[in-house]
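Pasting the structures here.
After this come two complexes, each holding chain A, first together with chain B and then together with chain C.
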Partner chain A sequence: MIKPDKFVPYLYLLPALVFLLLVYIPIFQNIGDSMYNWSTFSPDKAFVGMDNYFTLFKDPVFYEALKNNILYAVISIVFQVFGGLIIAAVLEDKLIRKFSPIFRTVYFLPVVVSMTVIALLFSFFYNPEVGLLNQFLKMIGLNNLALPWLGDSETAIYAVIAVSQWQSIGYIAMLYIVSIQKISPELYEAAEMDGANKIKTFFHITVPATKEMTFVAVILTLTGAFTVFNEPYILTGGGPGTSSEVLSTYLYKTAFSKDMMGYASAIATVILIITLLISLVQMKIFKTGKED
Partner chain B sequence: MEMPKSTIGVPELVVEDLEYARKRKTYNMRIALVYAGLIAYFLVVAYPLLWMVISSFKSTEEIFNHSWSLPHTWLFENYVTAWNSGISSYFLNSVMVTGMTCMLTVLVSALGAYGLSRFDFRGKAFILVICLGGLMLSPQVSLIPLYNIIQKLGIYNTHWALILPYVAYRIPLTILLIRAYFLSIPKELEEAARLDGCTNLGILFRIFIPMSKPILLTTVILTAYYTWNEFMFAIIFIDDDSLRTIPAGLMQFRDALQTDWGVLLSGLTISAAPIVILFLFMQKYFIRGIASGSVK
Partner chain C sequence: MRKTKLIFASFLSLSLMLGGCSGERTSSESDVGKTTLTFFHRWPKEPEKTYFNEVVKEFEKQNPDIHIKTEAVLNDSYKDKIKVMTGTNNPPDIYFSWSDEFASQFVRGDKALDLTSYYKNDPTWSSQLVPSQVKPYTFNDKVYGVPVTMDGKMFFYNKDVFEKLNIHPPKTWNDFIDVLKVLKKNNYTALQFGSQDTWTISHYVGTLNQRLVSPEVLAMDYNRKTGKFKDDDYIKALEKFQELLPYFNENTNSIDHEYARQQFSNGKAPMFYAETAEIKLFGPTKFELGMFNFPEVEGGKGNQTNLTGSPEGFMVSSKTKHPKEAMEFLKFLTTKHMGEKLVTDVGKYSAVKGTVNENNSSPEQLEAVQSILNTKEMAPWFDMSIDARIADAYLTGTQMMLNGDKTPKQIMRDVQKAADTVRFEAGK
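Moving on, here comes the complex of A and B:
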């Protein structure tokens, strides 16, 4: 390590630190903002203390949004983490490996397509009359399942969540593939010698050996589920009614349609607290993991 | 050496072989089932994307009435119409914003990573923590204050309103990635260069940056991928349709072309193409990036 003039290293870091201000200042400012009632067009800010939070905790739309985020999280963990692990394990099996690059590449493709494109595309598929989904359901004789998926408050949130799964399973699967490739092949050979079948091998070797990746995958999916914005915004706009509202879309509407900036800041703080809690759990688990 | 497999196919009427053949049969059945599952999921993923491309050559009427078939006549003019009704401007805006964001991100991160990997100074640990913490903060939380800051800086409704936040949200990850790579560069090289009279900045640009091409490429790809697809900032920080990037522009495009599905799908295909092509050609770097960062 060099020890030249004291200020030299700071000069190298200065540009980065200036940019990082754009990440950190808003976080603190947001907490302050949430204690005022204000709008973009009026210059007056009225201090209201914690009132925005008290209103928020009595707001049924807030609970509906939060419930949808939780639903998002649960379904995403099942499909992305569990599904991704199974897909990765199958693709990395030596019997399949010959063809796995093509499967792997195609499964990953939706990840690189923007959610805007995907959501607009799926709004075609969900079209009640001419959409592919209902055409397909009618073709295989499931006429009574041909529902107006995005237009019904019972099904809208599930239709939205399904699109996210379609995009992201390949992403988590790819992370698992990278992780499985690091497992020593001798472990699998030894298991085969002992006559263990594939399912046993999966539970006794693959699952424990990818434990760390599972933590990462769970954290990623949870964070994603509690900050999701694009899919509901484009597919349903949170509707019908407020049935597919999530915290981020509610935040957006409150801020930019209703111009209730203070109240929207309070919603943002709730998202901040949820994501920080998830990160804290992550740090805690990783720390204990290292001490083992 | 591998055992010759020929015995399996040869019909020899020995009881043991029959037993073996039966086992082999259920075994093959299982593999066939696994393949059936893989192919089914393959279709679920690939068909919608393929449908988008195929239908982009159809007329609206044909998309409605013959959704599953190939186009009767391939309407290449759908692409011309899409390009001329807005996509060209969104596309160029995206190229500009993505290019600037990538350049700034790599430059700022390389400088920062160099500072963090080659010097000892007070507050180094703190800056590392700030970078790590930056990975955990989601843009949703900052949306409203950022909106105000951007207006106060006088850059609202300009490309800078996107570029600056994009760079800010990318550098925590990219600094850490580049720093890890810089740390692996042997010190001897640096010392030799110093003896030859190289300055710090010279060492960064003549030794570190040329030697770190793989990680810098990974960084550029990750940043391009993020910037090209980013949606939330893109719809909020830019108001003027002529300045919009693709993800935001597509919303406008949809509203303007509600009845012309073929043209709309052409627009979607044009928008998705650059990053898909980048991925197909640079898969290794893409995967290295997502695996080391574990950040979408």
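Moving on, here comes the complex of A and C:
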């Protein structure tokens, strides 16, 4: 039998300490770094106070990137969370439950493919001359719609966002499927007896019963939308110009190709604040943790 | 009690090891009694990858007590990663670098070893390098790098189409526009261009700046400490570039350079601005390949005959513990034998004299090398000769100009702003 020992509590704390060391200390270091002007080539840092933030709030590229992130978030909520829920509800419906394993696999497949591979595939898909998308559009007579998707400043960001939707919707749908399977079938039977149609049962049973999962899905997609990097970086590199720049690609460019580490740290801090705010607000709205 | 202490201690040491392993990676390897050199280049792709692996293997066979650890990252990522790597306490011993400003930043940051004495002490080796290719690695009369390849940018054209339409390679800008007009009238996509990656834009803009802006102004503006980019000739250069827009393929911004190259070598477009090192990548074309230098621009104040292009080479870290061994390897890489192997296997031109010859090169490749060797002066790649922040403003702006979203004047305003920041910092 182990006797209580004054070391034992510390032993249990150890993982938390390691976590602290690897996650929280860099975050605070980063906030400190954002007050300096420095680069990888010059070891000396020059203290500039809040200057980096003042420059940032006047930087038009920053606002363009922020706008793109917000677009990302809004579209992702609509397509991934709401769309995912609809897909899950359809797949769990009695009528096609028999085939649903096949559909589930099909929808989930993109999730397990590496984002880099997907982005490279889609850059072929979007190619204005030989790409699948434009070939298809031309084939069905929609020549006007055969745009240079990734090369046009207007469409580039939407083309990038679409790839993320395609990839992630299966993941969210899978989360909802698990959640829907937990709903007692009696509720549906009762509703059916009372004469509720499919759409009514969806809104009055499925949606409220999966509230907790919606919270998780919204957090996942929103933080995902504000930290997205791979898709825009590989597909467009933020271009043409800066039209598809998002905060994290702008951060990366500022840090590693322009070598303005202090300014990049300031961008990183802003991303941190935004994501923190989002999760705080959501926790308030959804009052999570209390399953009713 | 003792047991828990023991567990605690082992946990502690484990976590210390975890924290320490990132910094101590190389020390374990020198325990074997071998000298280990880290070698960092930018070709994780074929055919270069195999070439460098074979050179390393051959070198290790001849020098059994040296072990070389190779790492490679592709082009654009390389630019970012090497800056971070040289900033750590454990930089690669030998690393790839473009010339001019790109190399100069390592020199300024004291990350590169001065190699002058190695050049002086071994004249048999150093004299066989093409001198014009060593110059871009020379700063304040000290040599900091070893050039491995040389390269130039030229217009390549489809001789068959030109003969059919009875047009000739143009010497001047106006001739050039005339040629483009004829091609367009005959329903050709006159000029193939893929500007998804901004470096392809920099080659056009850089060369036009060379032609239109006077050398003194260029020298002043390309210098970080004095660069202002206020001259109107920069705007003119961008306007000349705009003149080409109607003759490019559509949607240049959604096409990358590789795709554009394929279109050209498949005969889809009769003209393409490309590096001489790409001749091998064209593959066997169905048409006869011709080439000419970027045309002279009438009334331009700049140098009209410059060929744009830079060598690529390697630098040695200032923090290396084995400078002698590192130089041994670089010398081995630039022996005549290895230079010839580079030409044969990769199709790039070695910066070692006499390595490109009838045995390993096509007539077109020989012609290209001759034009590099005959040029009085080479103009380095534009994005490698100015600060990365100015280059970013310049090139993203020009990319938007290709979409019609920005005017040359707006671009130059952004460039001037970036130049102001850089100048302010460099002056400190």
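We adopt the following convention: the second predicted complex is superposed on the first by the 273 of 292 C-alpha atoms of A that agree within 3 Å, B and C clash if a C-alpha of one lies under 4 Å from a C-alpha of the other, contacts with A are read in each partner's own complex, and residues count from 1 in each chain.
Methods note: a residue touches a chain if its C-beta (ideal position, glycine included) is under 8 Å from a C-beta of that chain, and two chains touch if they have at least 3 such contacts.
These figures come from a predicted structure and were not determined experimentally.
In the superposed model, A:D33 makes contact with chain B only, not with chain C. In the superposed model, A:K258 lies in contact with chain C only, and not with chain B.
When the two structures are aligned on the shared chain, A:I199 is found in touch with neither chain B nor chain C. After overlaying the two complexes on the shared chain, residue contacts for A:I140 are found with neither chain B nor chain C.
The wider contact with chain A, measured as residues touched, comes from B rather than the other of chain B and chain C. Of the two partner chains placed by the overlay, only chain C lies in contact with A:F41; chain B stays clear of it.
Judged by the touch definition given at the top, the superposed model places A:G151 against chain C, while chain B stays out of reach.
Put simply, chain A uses residues 2-3, 8, 10-11, 17, 21, 252, 256 to touch chain B in one complex and chain C in the other. Every residue of chain B that touches chain A in the complex is listed here, in rising order: 31, 34-35, 37-38, 41-42, 44-46, 48-49, 51-52, 63-64, 67-68, 107-109, 111-112, 114-116, 118-121, 124, 127, 130-131, 134, 136-138, 140-149, 164-165, 167-169, 171-172, 175, 200, 225, 228-229, 231-232, 236, 246-248, 250-251, 254, 261, 264-265, 268, 271-272, 275-276, 278-280, 283, 286-287, 290-291, 294-296. Listing the residues of chain A that touch chain B in their complex gives 1-4, 6, 8-13, 15-17, 19-27, 29-30, 33, 87, 90-91, 95-96, 103, 105-117, 120-122, 124-125, 130, 132, 135, 166, 170-171, 174-175, 178, 216, 220, 223-224, 227, 229-230, 233-234, 247-248, 251-252, 255-256, 261, 264-265, 268-269, 271-272, 275-276, 279.
Against chain C, the residues of chain A that register as touching in their complex are 2-3, 5, 7-8, 10-11, 14, 17-18, 21, 37, 40-42, 46, 126-129, 148-153, 236-243, 252-253, 256-260. Interface residues of chain C, counted against chain A in their complex, comprise 1, 4-5, 7-8, 11, 15, 18-19, 76, 79-81, 83-84, 86-87, 105-106, 108-109, 111, 196-198, 250-255, 259, 388-389, 392, 396-397, 399-400, 402-403, 405-406, 425, 428.
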